[in-house]
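A quick write-up on the structure given underneath.
Lettered A, B, C, D, E and F in written order, each chain numbered from 1.
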Amino acid sequence: MPLVVRNTPRTDLEVVDGLAAAGVATVHEAQGRTGLLRADIRPIFRPARIAGNALTCEVAPGDNWSIHIAVEQAQLGDLLVVTPTSPCDDGYVGDLLAGSLLAHGVRGVVIDAGVRDVATLTEMRFPVWSKVISAKGTVKETPGNVQTPIVCAGAYVRPGDVVVADDDGVVVVPREEAATVLKAARDRNDGELGLDLYHMRGRLADKGVRYVDYTDRS
Amino acid sequence: MPLVVRNTPRTDLEVVDGLAAAGVATVHEAQGRTGLLRADIRPIFRPARIAGNALTCEVAPGDNWSIHIAVEQAQLGDLLVVTPTSPCDDGYVGDLLAGSLLAHGVRGVVIDAGVRDVATLTEMRFPVWSKVISAKGTVKETPGNVQTPIVCAGAYVRPGDVVVADDDGVVVVPREEAATVLKAARDRNDGELGLDLYHMRGRLADKGVRYVDYTDRS
Amino acid sequence: MPLVVRNTPRTDLEVVDGLAAAGVATVHEAQGRTGLLRADIRPIFRPARIAGNALTCEVAPGDNWSIHIAVEQAQLGDLLVVTPTSPCDDGYVGDLLAGSLLAHGVRGVVIDAGVRDVATLTEMRFPVWSKVISAKGTVKETPGNVQTPIVCAGAYVRPGDVVVADDDGVVVVPREEAATVLKAARDRNDGELGLDLYHMRGRLADKGVRYVDYTDRS
Amino acid sequence: MPLVVRNTPRTDLEVVDGLAAAGVATVHEAQGRTGLLRADIRPIFRPARIAGNALTCEVAPGDNWSIHIAVEQAQLGDLLVVTPTSPCDDGYVGDLLAGSLLAHGVRGVVIDAGVRDVATLTEMRFPVWSKVISAKGTVKETPGNVQTPIVCAGAYVRPGDVVVADDDGVVVVPREEAATVLKAARDRNDGELGLDLYHMRGRLADKGVRYVDYTDRS
Amino acid sequence: MPLVVRNTPRTDLEVVDGLAAAGVATVHEAQGRTGLLRADIRPIFRPARIAGNALTCEVAPGDNWSIHIAVEQAQLGDLLVVTPTSPCDDGYVGDLLAGSLLAHGVRGVVIDAGVRDVATLTEMRFPVWSKVISAKGTVKETPGNVQTPIVCAGAYVRPGDVVVADDDGVVVVPREEAATVLKAARDRNDGELGLDLYHMRGRLADKGVRYVDYTDRS
Amino acid sequence: MPLVVRNTPRTDLEVVDGLAAAGVATVHEAQGRTGLLRADIRPIFRPARIAGNALTCEVAPGDNWSIHIAVEQAQLGDLLVVTPTSPCDDGYVGDLLAGSLLAHGVRGVVIDAGVRDVATLTEMRFPVWSKVISAKGTVKETPGNVQTPIVCAGAYVRPGDVVVADDDGVVVVPREEAATVLKAARDRNDGELGLDLYHMRGRLADKGVRYVDYTDRS
């Protein structure tokens, strides 16, 4: 029995936009190297960088009915996150649905399945991160859960978690930790990375690294 | 014993060009969701959109001799469709062959194998949809069938069937149905899609969808 | 116990640059169809074409310490070649490391693993050929060998071998054969390919190819 | 609009059983190296070897309704061949359906998708060749074509074609050629293979093979 | 900073054992077709069927330190569930660790990575479901979380959830729903499946299925 | 121009057999975690464990001529190692060739491609480790190098190197290091592994591991 959860909490858009500015690699690092989606989820055009409140959606294989239900639950600043209930490469989202999502304030889509009409979506600059591009449309026979916690491309995503997506991939930040992670990401961008490089040479001897000159050993 | 079939029938180019204009997603839908090639067959540059009469060709692994034979059979408006007799990622088509194909009126290539010289092909705007890009050239030891029915990337393709290819993928339309499918595609583009969205809400109750308000259930 | 080999021989940069000009497909052909890396090693932007002296580096899974060690061994005209000791998709190279590599004269990176910060690397036009794009950064716990012979993406690469990389893929040329291969590549570009096409028709009868006219046999 | 074709022709079971005895590798060779399904279609237990008349069936993703329709069309000596209309890994066939197929004379299943209850099927010795094993059951919402020509795992299969399956894989023999192929397979088993090995040494010089003694060239 | 959570709740072993008896396909069906792990997680020997309380564990790539930490947290009836923080195929579990797990009451392992010493594990009848078999051992440099919620092979698993594994795959049942799901699974095994088959014919006309007799249309 | 190198050195069979007894996981560990082939190279039956002197062989795609040439170079205790010049899944080795290899003293085959006749090979207990099982036979048109250094499944293998293969995978040991590695493997089996487990708890505090009691944080 599918479930649609209304009025789920969102993360403040100032925090969301701050995380977008930091970018996926930095956010992932700043929250302790967690929350990354599988690397085969790729943008349909580059460059692209957005963040949004997760609007979650489960779809049956070859069936996008629940995406239409999700559109009704959308709010300004949402990012639609779609996962199929079993692996499926069909093109769940096309230009009509993209237009409808845009009109409801949705900033983009992350989907562990396929997308179609990518020429039009690219012209519209409507960003989609997907596992595959496929011309195969879907039917509307079987609704699925909307705005419940899901696993998308290996990551656990709840409604209102922040999803950040750019050319490097996609990361999810739990709603409760979004402000803290943003602060850590900003500190990190301000130079913490330099520290990583520090003291490395000192540790090489401990690790037993041996430097030798080249002789013919090919 | 390889076979080369001459003087195979073609589909009228007006129909072919009409199908190109409709695009892969619409054509696939208009002919009852059939005829799509595997989604890992991707264009070497985007945007690209063509259609043509299938000029079919089987190649031995690592051997492109029969493509050279196919060139001789080409007619204006053809689209070369190549399938290896066992899976192979070599680069069967390069810039020389592309030039030769162009000179014989061929509009592009769909191949369930590899392509090379993609920088030059991109400059030439000669469109190729392939499984892989590979610098590995091929030999000319073993000819294969030309202009016989083949299976390419999961779809059954006969000489003179219409192959439509764009950024979303590749679809094949049987020659006998091309005119009918074109009509259906045009009707569809004129608004039938709107009907799909119609009445969906009415069916939600039947399907047992339940709407609930958010409480802490993460 | 990791090993760093200093003062390894390089190939003359005139030869290296000549091989870059010839391109991967021609070089591969000119040295007898050998030395190609797996076709899933792809450039992060196109077009791109470089060659360099292999600066080799083994990395532990999820750990890029030895890349930092490799930077110190870099010379003008080097091309960093990285292989993980077990398959790993993490993003070993990002913008900071790319800047450091550039500053040490390195022309680009070939890695049988992941790369990150690809938006920035693309703006910098710093070319990287990788198996995957991933936002996941790496740690610095476990150094590996630098400038020892390695297997990268199915090819055997020694320090100072010439690595050529372009839109078609990546090929390695043994240092001792680089000058000879360059000569063969130049001869080839000057027209040898024409010879391949020569005499093909004469051999068709020997191979038993049969030409028939089309009758209804679909 | 799904189609069920009744009273399709079958191949004589004596021919079918002769092809089973010859085995997949020999049959494939005997019909000119054609008709092989993709190599990732594997038996759920080994050893297994059967042949049957193809009872063909298209299924929607995650939906096995048309398999139930196919059962009604089954005749003694059939082998069910199933292909999904888009790639799907669900477990379409389980122990109940296997029992029903057995009761209708079906000898086994070849499916470019998933199978479940493999422990029970193994105990029953009911052979299935599938792309994957998956516990995920299917729904019954969308019927598909039964006994129409299909593409299954890269091969074109028509109702009544002979499908041979063993530990090496699966091959399809067109109904019209089954008797001829059987004869060729029997000739082949009687020793033709020996001829292949014949005269090989004579051709080595022509191919430029050079024999050298080992000196230190590692 | 890795975290080890002690004294997490478990599911009653009578319920756990009941779910094992029902099997993965039935349990998956009984809880509304949810909770299945990816189908590429396969047993190292067949037949095998177990269930246990999830003892969860995150591991760094190429590093099994946290599995050793997890052993200390094990209780009778646990089933170790391991996920790497980035995809890794190394053999995290071997015969020594299996012996240690057995001694602490652990019934088996589910791991989205590799296992080694499978000949010995098979002799011991210690069941492991893994993505791959690999001889590559791991280091002990980087501990990870133990007994925290994880995503393993696409499913969300919390400590004390019930994990059922057999020849068909692996499914997870949330601790709070285990008793209810067991009841539904038992009802289902008692014949509910028959209902699925019921009334199917009546619905065929509604779906537009057309029965035709065979004429030559191959 | 293919090359056949005669009279290449071998490793003493006592050392070879000692390495077989140690097994792949131990040998890999004993030589510093190097030399492992890709994990998708799997045995056609289990259990199986052998070692032998590498008899190396390059094959053209779909062509096994050079395997026949290699048979002539075989000596007692050899293990045939085959790599295709471009990725190919055809069944290069069948029962006839296996019989011929056995007759020439070859203990088994490791091939980064396909094998066929696996039912017969299993009955013969002739062990083969391959990437795939495929009924597709090969032609004899294009000879390749025999007994030259090759890269097979990601590992560099020279004639006379020791190849060890068992249920866990395949590892190569350089000829010059075989005796040393055997000694290290024997020491390791005698208890060195115990040392790994030693002192681990002491290091947990340094790594910042925190132990907490369970409260509701699912």
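A few notes on this one:
Going forward, a residue touches a chain if its C-beta (ideal position, glycine included) is under 8 Å from a C-beta of that chain, and two chains touch if they have at least 3 such contacts.
Quick caveat: nothing in here was measured; it's all calculated off a predicted structure.
Least step count on the touch graph, chain A to chain F: 2.
The minimum number of touch steps separating chain B from chain E is 2.
Note on chain placement: the centre of chain B and the centre of chain D lie 26 Å apart, centres being C-alpha means.
Averaged Cα coordinates give chain B a centre that lies 31 Å from the centre of chain C. Centre-to-centre separation between chain A and chain D, using Cα means, comes to 40 Å. For chain E, the set of residues that touch two or more other chains comprises 1, 33, 36, 85-87, 89, 134, 136, 142, 149. Contacting chain pairs (ordered by label): A-B, A-C, A-D, A-E, B-C, B-D, B-F, C-E, C-F, D-E, D-F, E-F.
Those residues of chain C lying in contact with chain F across their complex are 1, 32-34, 36, 38, 85-87, 149, 151, 154-156. Per the touch definition, chain E reaches chain F in the complex via residues 1-9, 65, 68-69, 89, 91, 94, 96, 114, 116-119, 122, 132-137, 140, 142-143, 147, 149, 158-159. Remark: chain A residues 60-62, 85-90, 134, 136, 139, 141-142 touch chain D in the complex. Interface residues of chain B, counted against chain A in their complex, comprise 24-25, 28-29, 33, 36, 39-40, 42, 46-47, 49, 166-169, 171, 193, 196-197, 200, 204, 207-214, 217-218.
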